[in-house]
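Shared chain: subunit A. Partners: subunit B in the first complex, subunit C in the second.
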Partner chain A sequence: MEGPSSRLPPSLLPASRDWMVGRRDSGGDAESDRDIKTHFRVCRFIMETGVKLGMRSVPVATACVLYHRFWERASVHAYEPYLVAMSCVYLAGKVEEQHTRTRDILNVSHRYFNSGSAPLECDKEFWDLRDSVVQCELLILRQLNFQVSFEHPHKYLLHYLLSVKSLVNRHAWSRTPIAETSWALLRDCYHGAMCIRHIPQHIAIATLHLALNSYGVELPVGEKEWWQVLCVDVTKAHIDAVVSDLLQLYDMEAKCV
Partner chain B sequence: MDRDLLRQCLTYHGESFFNKLKCEQTENPDFQAVVSDLCKVSCESKSDGQDSPLVEQFIARKADILFCPAWKTTTRQEEEHEEDDDAAEPYAIMPPVELFMEVSYEERRAMLYRDLEKGDILVGRINNIREYGFFLTLLCTAGGLKRDVEDLELSALCHIREIPSTGSHDDPLSYFQTGDFIRAAVKDIDRYQEKITVSLQQASLSHNLEHVKLGVVPREELPIHYSRSVCAAADSTETYERILKSCHGYHNPSVVAYLLEKVGVSDTHPPSMMRGLQSKLFQEEDFASAIRKKQSASWALKCVRAGVGYFKHSHHVEAMNEYNKALDIDTNNVEALVARGALYANKGSIMKSISDFELALKTCPDHRNAKKYLCQTLVERGKQLEEQEKLVTAEGLYRRALSLDDSNPEAQEALSKITDTIQKSIRLREEAVAKEQDKATSSQISAEKLRKILKEEKRMKKKRKRSASSSSSSNTSSRNSSPSSSSSSSRRRSKKKKKKRRRSERGSKRHRRISSRESSRRREEGKSEKDRKVKEEDEVEWYPAPPNTAATFLNQKGGPGFGEEEEEGEVMVKDADDRRISQLYSLSAASEDEESDSSRRENKRREREERRKNSLSRSLEREERGSRESLDKSRERGREDNRKDRRDSDSKRRSRSDENRKRKVSCSSAESEYSRKSSFKSEYSGNSGSASKRVERGMRHDSSKRNSFDGGRCESRGREEIQEAARETDNRKGKVVDGSRRSDVGNGKRPEGAGSHNRQCSVTSVPEGRATKDLPSNLLSIFNQIAQFEKQKGAGPK
Partner chain C sequence: MEDWYRWVREAGWWVRRCCCGEEEDDDEEEEGRREEEEEEEEVKMEELSLRKSRSSTSLPPAELDPDRSGSPPSGFQPHWFHTLQARRFKVQRGRSNSDPLGGKSCQDQFTWKPGLEFGAAHSYVSLEKLGEGAYASVYKGVSRINGQLVALKEIRMKTEEGVPFTAIREASLLKGLKHANIVVLHDIIHTRESLTLVFEYVQTDLAQYLSQHPGGLHSHNVRLFMFQLLRALCFIHSRRILHRDLKPHNLLISYLGELKMADFGLARSKSVPCQTFSSDVVTLWYRPPDVLLGSTDYSTALDIWGAGCIFVEMLQGFPAFPGMKDEFEQLQKIWTVLGVPSEDIWPGVSQLPNYQPDRFLFSEPKSLRNVWKRLNQLPYKTEDLVQRMLKVLPMVRISAQDSLQHPYFSTLPPPIMHLRDTVSIFKVPGVQLETEVRDVFNSGRKIKPSLLLSAKFW
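== the complex of A and B ==
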């Protein structure tokens, strides 16, 4: 399968291509660390593009899951990550019924890489870019065996939020931005491959747990903890694992940007 | 920073967190403002450090985001009471989670008394009815708070005063039975003695639950979460997750969007704890819609530019395509609208162009070109309307044009003119009314007048008859303008030159029509012939320059029209009329110019002949330029007449030509008769209503100006005689007729006022003169005979 990376013109390449530099001569650990950073940056790109395209959280999450699943099967050397990301955004829009136009994706991406630049002209380069995005979309579909719909934690989190809310005094709840915080944490999960390593319920519970924890909100405790009720098989260890993965991503931000 | 939240967090996490917080937020001035306040709190914290230091580190590091007041996007949302309708369940309504958590009896009771508030809704079953009210065993909460209260053995009193009475004599309690399910509002809670009183009065509900009806409810209408919790309590295998997945609402594809709105989180500006993803960092111009807008505008502009390029090379279809493409890419693109409007105006679709300009001005009210063009187009449209006698509408348009550009000279001029015209017409109408009244009074004179009118009508009829074959007569007249030349014409030649002649004939017809306009105007002004001549020369300069609007500028370039639509087609026809007229103006002017030249240089015949050729070719061009549709009818007629002409004997023609000649000689004033006829013809051929109206007006004019007209004819008679004499001498010499020379001679004798005569010759005589040379001698003699015959006949009445 010929990679479409060769078709991506320099105008769409990010200024810093440091993940390419010294890839060959570095050891395994360092390489995987570099890959993680690359993917973090590209996921940041997906998130930002998603916001600028007006995409909802679920399609953005799907785009990220597509992206991470793609790299589960493909080597980072073979394909251009940002092109894959653009195609993931495009494909996710289709999967989640929030269609985004390739033109918008190209526009936003172009401006992301060349900030403050004039919009693309309607010329051959534009159509070449468009073609490469569409071709790469087909590549992703084949790589994922056309399994492109995923269950996301978003639905769980929202229902959990409502259930937990009725445990808390209404005034205390309205004072505390738990919904915003847990939603933000959930979205931030998608910066790393942790979003496909953990099951959705666990992620939802972990983000809600961390949000409650952050504000020191105490819930009544009966025979079972609230999270044990919401998901039968979740354990404290699960939650801690998700939370620690998530916290690593926040550490990564400082390292990558 | 939200001090309360921070304090709550500190109380929970304790000393170690406070230290981390101080460490991480040293540079945060907001934190420094509250730090002294928080010292106390951290000291009395009960925390035993159960959380991992990593989490504390995270909270400390993100404290500026977490405790920022702007972070909380939820405004205090009033809880809406959902209609408990299973079918419309937009999300999974779950039983209270403490049911599964198996929270202790005491804690739940305490929680309820803590959280229950006045105005909340409770659902219970009546267990005891007393004379002062009834007692409820509480089953569940509804609206606002969702709690599992069934096994808490709570009871509430509903006093008789809190039951709305339906009649004055009835005991309100008689409507209730033990075991009824009652929905009631919390009236009061005594948290220390743990007593709850409820009310059935709607007024006691909190204001966001006002629409909920209190009173007896059937079992089916009990809240969904209650019935689900009953099921869950009955079956120990039921888990939260299983119930969740069995709910309709969970599978609702838009459940996320619905619930996000419910919890008050924005999904278009989603929150993030990542510093790089804070929504305040995103600039509006980086968003897809903004870029797209900008891009569309630039793409559209490119198309407009291409279109203007085409337009400059008169590729109007391509230009229109480009403009439409531009508008497809970017609807309401101002430049494209202005350019297309200009193109429409040029093609004569004035209404369309006006709408385009107006749309452009709507989006960009200060666009200079749009304003300018709209102004010009409005004036143009006004002129059209003026011609259709819609004076008031036209006046409105001029006024609007002036409101756009109050310094526009054309609009000002047109407006002042039209106000004059309107006033004049009003005056005329008044006069007419007065006249009619006069008529009514003087019955004696009316008989005479009637006779006069009848006479006139007869004359008119005659003329009409002639005008029915006017094309043929004009044809002959043009050929016979010098009688000898007409006599030399043969049937065969006429066949040969049929096409050409028809063309020239049409050209000359147009000439006549236009000159009739001029002359009628002149008559109106009551000027002498000499004045007329001067005027003509004036007009030479005045007419060829059309009004400088873009519309007229392009009206004269025929080109492929865009008149597909009906409305446009109408406009096109009108336009075609205008166009023809303006062409004629300029053309007649040109030929008049030529005349004056020729009169000066009598002897340079050859030169003039060349010029005549030019004028002929020009007339052909003119012909082609003229609008086809409007000419079709006259062309048909012309063909018919031609045929008739050929069939008829020469004598008939001759008799007509006699008259024609006279008229020809008598200059433009005589021609006006023709013009009237031709305009009559147009009336009969069923032109538009406006045209016929115009003609009617013309008739009125004619009758009033008859006298001066006749005088003009008398004047010219003297000259006519001279010409006649000259012709006779020529003929006596028995020479082969040379029309061109003849006309030259005529010209030489009449240096002034012979314009029309000369013109006719110049159009037709050249080919005739040439053809004569080719004819066999026997035919020539026949022609000579005919010419002589004609002459005799012509001379007879003299």
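== the complex of A and C ==
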């Protein structure tokens, strides 16, 4: 941590691209696997914190996207992932107009790590923690170049669900929790960097596709597949790529929890 | 527990070091700056390309020429005098703005300095305070990188709150918006205790322009301003962004007559149309009746109402609906002109939270030309456009895109309709501002200097 390179995210230092190369190489696999696991756990932390703070789905999704975009440009060794996560939650609240207080974030995080313990005292320790969250927010803003407004798959999924509902047999729809499942699948996408690798429409189509398939709900077959009607540029390959990323995340869950 | 404290503290320390490396202490300063430069490289590249693409379109030639901006003027002039000159642009045409500091002593400071970086506080010199906002102070400044005038919006950071959300919103939205009628965000400077947004410098704003030319503007100029305003609205609405705070103060006017939309602090990317937005947004005078009634599912029609009010204000010289007190008085002002809406013409209106018919005085819709006399003197199409923009019912209010096609604008040269987003309408031959009939600065009347100093005009 003493070298100058650790003080700045290496991706911004032209001289030290070795960590990027390391990830591509076979030798970096173990490390990259460990990083993915770390991020998986931290994202779980973001979601749990978000739920406890009463945040809506979209602000939580924004927090996760901020988190993944940050690590796109920074090495996991340079900054503390959980601190970045807390600042992402705070920043997401500002971006999505559902403001949270640093104090609440700190207390909820404290309970996450020390379940059953009393809330934090308002002492110097507490103010230092709060300063860290605020300072880290600025770091995230700088890293992301102030580009913090994102488009999420949620609105697309909602729209697609309404369209598909009208195509499906009414009884089949009421028997199967398609909406709930696809919504849950969508939320799970945010555990990994896959949520920033695919475009929102494709993620929405893929989660709906997976939900329909898992319950064996059939849609009337026409000239085109149903997803081609809903989203012009999506292909089966896109859907498969999203689904495969998502299934990998579920594998990861088994290893992490 | 202990561990957790330690890692958060440690991480915070690293963050502080990285954010404010150049400020730590003297022997670290050099290193810190180098780091900052590296980090800003991306920003810099982006800004450079932006400048290149921009330079030929929206800058007055005097500001582009490095020789002129670098050389001292013939005589020394005190700072406040430039303030006056900038306002008297009918006489000076804003030319004096190209040598902002005057005196010879500043010569070496303002030569081209290729070594200076974007994103660094020392690359800009702040000249004078232009205004004070809710969360920021605005200064007129000059870039030491290329001598361009800039407006420095210095945002105060509260230690407990971090970066104000309005600043985050403004910066993140403006970065993606490149349009001739939207203020350019050149650069962002962050230091430990402040965040400064560097905007292009624009001489005045519509509120000032209106007070300088009382009694209504030249109808030709109104048309040009409205066209530019609607062009900007059309652009942001097509990108699913609402401005939400349109008012003459937020519309900057260059000496050429270019209108630039500014202050995106309340703007937001528009997402699902049924989403509830926080309902406290537009300054009351420019707020549409649906929002005043407590509706939260507003959309692009919100900005169109604001534009309609500004349209009337430019023609008449005074605000269309100047409510003084609260939402109800504001609504009453609107009903007096447009009539109280009923369930018949606006299904669902009675369900809105602030709909209290017993508090509204009954009034019939009136003909707009009887309310705003200036409309009487102008062709019918002017009144028609005002009417379409000021519809009580948000669903039937004209869209920005349709309004640009309205016959009201048919007298403008046709090429104006096919400009690229980043090209100013004043590039079209024959498009220019007319001299206003009334000008308080030229009528020989004296203005108290204290009035000038308190005014905001960037």
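Things worth noting here:
The definition used in the following text is that the second predicted complex is superposed on the first by the 230 of 257 C-alpha atoms of A that agree within 3 Å, B and C clash if a C-alpha of one lies under 4 Å from a C-alpha of the other, contacts with A are read in each partner's own complex, and residues count from 1 in each chain.
We take it that a residue touches a chain if its C-beta (ideal position, glycine included) is under 8 Å from a C-beta of that chain, and two chains touch if they have at least 3 such contacts.
All figures in this text were calculated on a predicted structure; none of them were measured in a lab.
By the document's definition of touching, both partners, subunit B and subunit C, reach A:K155. Residue contacts after overlaying the shared chain place A:A237 against neither subunit B nor subunit C.
Comparing subunit C and subunit B on the residues of subunit A they touch gives the larger count to B.
By the touch criterion defined above, A:V58 lies against subunit B and subunit C together after alignment on the C-alpha atoms of chain A.
Using the contact criterion defined above for the overlaid structures, shared-chain residue A:M47 touches subunit B, although it does not reach subunit C. By the document's definition of touching, of the two partners only subunit C reaches A:T102; subunit B does not.
Of the two partner chains placed around the shared chain by superposition, subunit B is the only one that A:V221 touches, whereas subunit C remains out of contact.
Comparing the two complexes, residues 58, 97, 154-155, 158 of subunit A contact subunit B in one case and subunit C in the other. Contacts from subunit A toward subunit C in the complex involve residues 1, 4, 7-8, 12-14, 58, 78-80, 82-83, 90-91, 94-95, 97, 99, 102, 110, 113-114, 117, 125, 128-139, 141-142, 145-149, 151, 154-155, 158. Contacts from subunit A toward subunit B in the complex involve residues 44, 47-48, 51-54, 56-58, 97, 100, 103-105, 107-108, 111-112, 115, 118-122, 154-155, 158-159, 161-167, 169-170, 174-177, 179-181, 183-185, 187-188, 191, 201, 210, 213-218, 220-226, 228-232, 240, 243-244, 247, 250, 253, 257. Of all residues in subunit B, those touching subunit A in their complex are 4-5, 8-13, 51-52, 54-55, 57-59, 61-62, 66, 71-74, 76-77, 79, 91-92, 94, 96-98, 100-104, 107-108, 111, 114-115, 117, 144-147, 239-241, 244, 250, 253, 255-257, 259-260, 262-265, 267-277, 279, 282, 286-289, 291-292, 294-295, 298-299, 302.
Every residue of subunit C that touches subunit A in the complex is listed here, in rising order: 1, 4-5, 7-19, 21, 31, 35, 38-39, 41-43, 46, 159-163, 165, 168-169, 171-173, 175-176, 188, 190, 195, 268-269, 271-272, 277-278.
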